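The same chain A turns up in both complexes below, where it pairs with chain B and then with chain C.
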Partner chain A sequence: MLHYTIDQTGPSATVYFDGDLDIDTTELIEIELTDLLQKFDRIAIEFQDVRFVDSSGMGLLLTLVQSLKAEGKGVYIKRVREDVMEVFELLQIPEILGRNTFIR
Partner chain B sequence: MSGAAESKDVRRNDRTMKKGPTASMEKISETIVESLTHHVAVINQSGRIIKVNRAWKKYAKENGGDPEKLSAGADYFAVCDRQTVASIREVLDGTKENVQIEYPCHTIRDKKWFAMNVTALTESEDHVISGAIITHFDVTERKVMELRQLKELEMAKTIQRRVLLDPIVKDQIIVKGFYLASDQLSGDLYAWYEIDEHRTGIILLDIMGHGLSSGMISMAIRSMLERIITEFQEPEKVYLELNKQFQLFFKSGQGYRNFFCTGIYLLIDTRQKSLSYFNAGQPGGVLLDGQQFTLLKSSLVPIGLLTEPNVQSTTIQWAGETNILLYTDGLTDSLSMRLSEGEKFLISEMNKADNIFSHFAELISELERKDDVAIVSICLT
Partner chain C sequence: MQSVVAKGKSIQEAVQIGIDLMEVTKKEVNIEILQAPSKGFMKIGSKEAIVRLTKLETAVTAEKATQVQQDQVQMIPPEKELHTASDDWFSKAESFVEELDIDKIEIQQPEMKKTPDHSSEELLLKNGSVWVKDGKLMMQPGTEKLPVVSMTKGIRLFRNHELVEEPVIILSPKDDYRLEAFDEEKETEWSLEVTQDKLKAFLHVNPGYTIKRTIDDLEPLPQLTLTCTEEKTIKQTLTEPMIKEAMQERSILQNIDRIELLRALRNEEPSDYTIARGVAPVEGKDGWLELKVDTDVKEGLKEGEHGKVNFRETKVFPMIDTGEIIALVHPPEEGSAGYSVYSESLPPKPVFPIVLRLGKGVKLIGDHVVAKEFGRPHIESKGQLIKISIMPKLLHNGDVNLSSGNISFLGDIEITGEIDTGMKVEAQGNLVIGKNIQGSVCTATGSITVTGNITASDVSAGKNNMITSKLAMLTGALKQDIDRIIAVIIQLINSPSFKTTDFPKGGLQPLVRILLEKKFNDFIPRAKLYVQLVREGRAKLDDERWKETAEQISNLFLTLSTKAVSIEVFTHLSHHLGALHEESEMFDESRSTIECTNVLNSRIHAGGDLYISGQSCIHSRIHSGGFMTINGSLRGGEAYAEKGMYIGETGAESGTPTNLAVPSGAVIKIANALEGTILRIGNRKIVLTQDYSGLKARLNAKGMIELR
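Our next item is the complex of A and B:
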């Protein structure tokens, strides 16, 4: 189960994720969040409370970030836990999204 | 006098005013319970039936139930099995607010399934549980559908097992695989093909997700593997062809823009005592040459994610008797270990094992699996 909250300051938004990113979050990410974030120019996704990401969740995250970037938005993923970052590195996610997408 | 009489009349009117809506509410409640298509009974704390509705009586009559045992005043516990009584008592003593039990209730003519729902009967003011409301409802339609789906999945599982390849057992190379699905179907798959007398291509793939969808994709990929491995052989070419096939699969699909699979492929040459490989997002690869460990680390993007990936393979030589273990991340997940912890654990287990295949097959069988798990063991001499 994944919950999120959004803090917005003008054209910038910080999305705080809390929970697991997996197949159960499909609608939340693909429909709800993708639409909600369209109005911002700069988006930071806080990952410190994401404890587990499976392959389906990884696919959803890639789609979310890539579709927002394709709209010309600045997207950053912040404070990824060490064990989750191990999985990101294994799947070369920083290479796919760009290393500068990740902020410690 | 007249004042007192007036006051008495007012009191009487007051009572009438209160009794009116209360009585009317009771009547409505009674009508609702009677009209429900669910079979409803109310029992007290000792399990004695206080009330049953029309549907309850009708079902008992139609299905040969003894009306005396199922009507108001009867002991409901006397017609229930011990487990059901225990579940109802959990509601009556407040351990649980509600329990639901499904049970078959077949008649001579047809098969039926019911669900029994037990809810505490609580006085609104003091929250004391005075009894329980028991409802039975027909879940046959859903149950039949579930059983049908289960049968279909069992059949699909059997098909998936039938396409597994026999182990390779030769003087210089032994290859064996083992997998267990977390659901009915697995998204993990492995295959090996002898390209010529000395060369063997071995692949282990983990399709994104698990269950039905990844099982379907794995079967589609499985059908192409022999052609891809025997025709393209070299790791870079095998990767590119698999990537192309994935891109073709999901090119026009909506909602699956980033559908991918991780994989490791080894081209082993027993004459040259060399192996070249790619690892695209798989946790392991561990090679044990005598006492020397080498990790076959991931260096490529998972298959299907990029249209023009940059692909490189690695080649290593072995000297003496060598064991290789390939595994999917379901193994470390089920061990509840981080990838790096899992690596260390598996290396120590490999060190202990006389026969790595049987050692790890046993280890996996004992795990409480969270995901599909597959291993491939390779022994080279």
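Our next item is the complex of A and C:
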């Protein structure tokens, strides 16, 4: 199960993910998080505590980031673990979202 | 007589002879020993002692005293000696005597030169000498030179107990020399080798030996090359148990040739012996297809004596009836195994049955391929894959015009009349046209035969017209992409951070969707084109697999299906695409020939040979994947032939450019080439500056165009 906490400072927010980004997070991301993040202009997603991903989870992440970016918000994904980044690279996710989305 | 030179077997004898000759006593003469017999000095010519006797007189004695004094002065610093470089007593004594009896020397010298012995002796005196006796090196320095000795293999020279390494040594009287011959011993060398195919074991033997050397005695010479006598004894130390042990080690236990083995032990020369042999496997035979009917188009066209062809003898297409046996399928024949020198079994190469792909109109009954329909048998093969089908034939009596409409047929077409302006004829097989083609487009995958002329038309025969050839290119690319997608999926599954939890529910689609977004972003357009082409060409595709794969591609990649898909579906699709790709590559374009009478303002493309039998081909672009023959004249336009061309006449008096081109290895032959014709061979180009008859153009060894 994925848990998250939001740390907000004015128009900026940092979302801390903790758990696996998988098919079970569909509801959490598609409904809850998408709505919650609407009010921020700059959003950083901390990936430090995400250890496993599956294809559905990555699909959700892509949709989330792309829809937020479409509204002109700055979205960044931070501190992705090496193993997880390997999976992202295989699927060329950094190319899809833009290399500068990822911050070490 | 003041002085005399005498010879004798010993010095005493020589002196006695001299005294007798001079009629004096021993006390009255000064005795000078020119050559001593005891040291082998006299071995050149006579072996006698030579002495010079000089009479002692009072006047002379006084003179002699001063001479002796002088001599003594010379003796003190020997290096500064005026007369000679030599400092031994012998030459000094000589020079002393010579100076003593100046007038007598003149008498003596002719006497000394009388015999060759004396002159060679003198040479030795001058140049020094070196000789070998009883294995010992002896030397005598010359007045002008020191003796030189050249070494030889097997002998060592020690100078003052130190080994001298130089091959040529100048001997000095101050040093002590010693010779030593050394013996040589070599062990028997041998090795056991097995050929790469493991069918033969070789024993390589180089027998050992011992060489005993003795130094030869040699005559004195100023320059001497030492020699020694060698006595070689073969020492074969290889024994049968040794070989057997080596063979056991290599596990060569059977099929041993004992006679050869014994020969190896006995022979004294280095040689190879085959001591064990295996047996090569007998290769089997792949399955094959025995054709019972004639499937090749009979080439009626034969070039006559002058390169002319009778066009009336045209092609004959074989036709077969329903129920006729087309071919027999023969199963593969297994070969038999052989064995190696290690007694291991050597299996024959595996044999494969033919893979039969039955197309339209054929059926396999038992091992017989039988025609279900009337038509032309069509067989394509690549390796063990053979595709057989019956090409149906459409006969159109009359012209192709607005009332008949365009004709497109999956099989051969024969049209007895003309093809009118704006019409289109398409054959997935051979096309025969009875009259002329005008302002129209005619295509065939097989050959095109036009009895009449081609005017302002596009005519093409070959692979390019096949819908399958367009699809084949796509299948190749799609298969590659799918294989890569499969590879990435497998890699992902093996990643430690990747969870496959959603596979049972959503299948691979979410993953594939991400992959298609960027990594394989050109896959979707390609897949769409493939599906579209298959849909359009549905009627012309005789293989159901085209439609099946198109449907699968559409379901997997182009629509949002929710059905979970496993990786096996992808591998299955890849397999089908690969097979289709391979089969459509089988097409043999050399059969896609075009024949017609005359050509005007047209474009012609033949995958195989092109033959224009009439008087002319004017302002046209013609291409042949094979050999091009134009009996008449080629005026204006462009002609390209992959395997060379023969043209009756080229160029135009009006100066319209006429371009001929062939690849670098091909030859252009023109019976009558007019000035201005442009020839291109490979990437070389030449414009004819004069008329030629019987021209033959090709590239020479330097890569330049050569005209003959």
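Rule of thumb we're sticking to: the second predicted complex is superposed on the first by the 104 of 104 C-alpha atoms of A that agree within 3 Å, B and C clash if a C-alpha of one lies under 4 Å from a C-alpha of the other, contacts with A are read in each partner's own complex, and residues count from 1 in each chain.
Please note the rule applied: contacts are C-beta pairs under 8 Å (C-beta built on N, C-alpha and C of every residue); 3 or more make two chains touch, one makes a residue touch a chain.
Here the structure is a predicted model, which means the values were calculated and not measured.
Taken together in the superposed arrangement on chain A, chain B and chain C clash.
Touch criterion met: A:T63 reaches chain B, while chain C stays clear of it. Shared-chain residue A:E86: touches chain B and chain C both. Which of chain B and chain C touches more residues of chain A: that partner is C. By the touch criterion stated above, A:V53 is placed in contact with chain C alone, chain B being left untouched. Once the two complexes are laid over each other on the shared chain, residue contacts for A:E30 go to chain B alone; chain C is not touched.
In the overlay built on the shared chain, the residue A:T101 is in contact with neither chain B nor chain C.
In the superposition on chain A, contact of A:T14 is made with neither chain B nor chain C. When the two complexes are superposed on chain A, the residues of chain A that touch both chain B and chain C are 23, 54-56, 58-59, 62, 83, 86-87, 90-92, 95-96.
If you check the complex, the residues on chain B that touch chain A are 206, 208-209, 255-260, 262, 281-283, 298, 300-302, 305-306, 329, 338-340, 371. Remark: chain A residues 23, 26, 30, 54-56, 58-60, 62-63, 66, 83, 86-87, 90-92, 95-96 touch chain B in the complex. The part of chain A that touches chain C in the complex is made up of residues 20, 22-24, 51-59, 62, 81, 83-84, 86-87, 90-93, 95-96. Those residues of chain C whose C-beta lies close enough to touch chain A in the complex are 488, 491-492, 495-503, 505-506, 508, 510-511, 513-515, 517-519.
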